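Have a look at this one before I ask anything.
All chains are identified by letter, namely A, B, C and D, in their written order; residue positions are counted from 1 within each chain.
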Amino acid sequence: MAATRWYKYPLRVRYQETDQMGVVYHANYLNWFEIGRTEFIREAGMTYRLLEEKGLLLPVIEAEVKFRMPARYDDTVMIYTRVVQFSSIKIQFESQIRRWEENPEYEQMLNSDCAGVEPEGELLVHGTTNHIWLNRSWKPVRIDKEAPELIILLKSVQKVN
Amino acid sequence: MAATRWYKYPLRVRYQETDQMGVVYHANYLNWFEIGRTEFIREAGMTYRLLEEKGLLLPVIEAEVKFRMPARYDDTVMIYTRVVQFSSIKIQFESQIRRWEENPEYEQMLNSDCAGVEPEGELLVHGTTNHIWLNRSWKPVRIDKEAPELIILLKSVQKVN
Amino acid sequence: MAATRWYKYPLRVRYQETDQMGVVYHANYLNWFEIGRTEFIREAGMTYRLLEEKGLLLPVIEAEVKFRMPARYDDTVMIYTRVVQFSSIKIQFESQIRRWEENPEYEQMLNSDCAGVEPEGELLVHGTTNHIWLNRSWKPVRIDKEAPELIILLKSVQKVN
Amino acid sequence: MAATRWYKYPLRVRYQETDQMGVVYHANYLNWFEIGRTEFIREAGMTYRLLEEKGLLLPVIEAEVKFRMPARYDDTVMIYTRVVQFSSIKIQFESQIRRWEENPEYEQMLNSDCAGVEPEGELLVHGTTNHIWLNRSWKPVRIDKEAPELIILLKSVQKVN
């Protein structure tokens, strides 16, 4: 299946996220990837919170991350997220963290429609995460049976070339 | 009621716990206080994990923290914890974070019986936390009814002057 | 001196900030207080990042926090921050964390001028933090000498009754 | 070059490390990997703290993590760490997180010599991290020039088959 469009979500780097190297501690990028996935799902028209309330969990089973440049305190970074592939039992996300300069254009883009854009800004960190669908007892489930509306949503945001 | 004896628990400062000031990020001390409470309960003969499995929660409702000196990466700190007062519905803990120099005596004390000692080492951070007992629905419960063995344990570790 | 006006800053609760009680882990509120202070300083016309680059540090020396109700994953919370008192050597902030329902009015207020408002929304957690000004060698400094513009800024945002 | 021996380091899972799924939040395993590396270097006869004080940084440039089973609050986990390969400019670590049951044997092994063992316990998470040596200005450095003693240490802990 084709990858979906990119969704973007802005973040201000927190003081707590830095370490004594003066940069963002590396494990935090995995946290940001996850924030990106949460907002991707919201933008697509669903919420991860609702999925969990329905008894569905989507844990990470594999992660690959490449760290090119560090983010720093008070930087504005943009999290780009898209689904690379998905089936009824698993899903793969791709994530990019990019630094944005603050300027008038930035303000404008923050408020613009955030779907379907091509990633812009200085690439800092990127990677992929693989997930499987589980129920509350940590048993695999088929999402086409448990939440077919999600399959429809994902298809609706696929990029048409 | 009289305060209990002090219990101590050692900790090595993690890189992730530092911030770009080159010291431990201040919110982490609340986390260490909690680790101290967990180990206090274990030393007293119970586990907080077991209490939660029985449906009891012990959230913090108030915290007061004084930060005198910062801990740094790779420091060995000692968490001292005692119960200052408790009833069937609430409990107050007192916590101290002290820095320890690494030396042979240190190794020895780490392995010695850790109850009833007087706090030693350079005082870095200290404070108190107040807690109430709740059930899984976040309603207050009386611990003398829900876990009377805990009251007995707490009385058994009270300090006799 | 009179307290300043309140500044507000919105936050979406992250999955990573929850714990197995199903709510936000209590130490994170101290982190949110700090984000509120960072944004307070920015709104007042300065940045904490710049202050640090000038060699000034503003560590917390005391914190008091009252936890009334927990925030939960995906909640929208509003951080309210104001300066209660300040001198040339120290400063006290007051912070409130309030939950906001998402509705059209919410969207509107997020984008409205965020200074001088009275706190609104369900009060979850509140407290105060005391700070002193230090230089890079962790020695106390007088802010009226090191950054007099900051004193002017703080006076300019004081509330006139 | 041959891989080094495995070093092990025990950890008690903290409440703060859990999330509302009731398990350890996935980004924390990267943090544990790093704790394992810190203790590996200490066991080998050096400290990472000292290396940083000498002006050397060892940031992660790539990470691959496979999550098989989650760790839970209060579990005792063992972090296994070894160097898979190294040169004068880069180094690759392999990490395993395994759950240990608490039993008398456990207590004994915790205190036994911890080098050269084969990993034991239920495998939860494993992965590799790649690092390069940088100086304080974030420029690559050759470790054979900046800290030749480290090369000697690494060779001394290589496993001879």
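Rule of thumb we're sticking to: contacts are C-beta pairs under 8 Å (C-beta built on N, C-alpha and C of every residue); 3 or more make two chains touch, one makes a residue touch a chain.
If you're wondering where the values come from, they're calculated on a predicted model, not measured in any experiment.
Asker: Check the residue numbers that chain A and chain B use where they touch, and answer same if over half are used by both copies, otherwise different.
Answerer: The interface is built from the same residue numbers on each side, given that over half of them are used by both copies.
Asker: By how many degrees does chain B turn when fitted onto chain C using C-alpha atoms, rounded in steps of 5?
Answerer: Rotating chain B by 180 degrees superposes it on chain C.
Asker: By residue number, over half of the contact pairs should agree; on that basis which option among B-C, A-B or A-D is the same interface as C-D?
Answerer: Matching more than half of the contact pairs of C-D: A-B.
Asker: With centres defined as the mean C-alpha position, give me the chain A-chain C separation in Å.
Answerer: Chain centroid spacing, chain A to chain C, equals 28 Å.
Asker: So how far apart, in whole Å, are chain A and chain B when each is placed at the average of its C-alpha atoms?
Answerer: So the centroids are 37 Å from each other.
Asker: Please list all residues of chain C that touch 2 or more other chains.
Answerer: 15-16, 20-21, 23, 27, 31, 34, 52, 73
Asker: Taking the complex as given, what residues does chain B use to touch chain A?
Answerer: Per the touch definition, chain B meets chain A at residues 15-16, 18-23, 25, 27, 73.
Asker: Provide the residue numbers of chain C that touch chain B in the complex, in ascending order.
Answerer: 20-21, 23, 26-28, 30-31, 34, 52, 57, 59-68, 70
Asker: Which residues of chain D touch chain B in the complex?
Answerer: Checking each residue of chain D against chain B gives 14-16, 31, 34-35, 38, 47-49, 52, 73-74.
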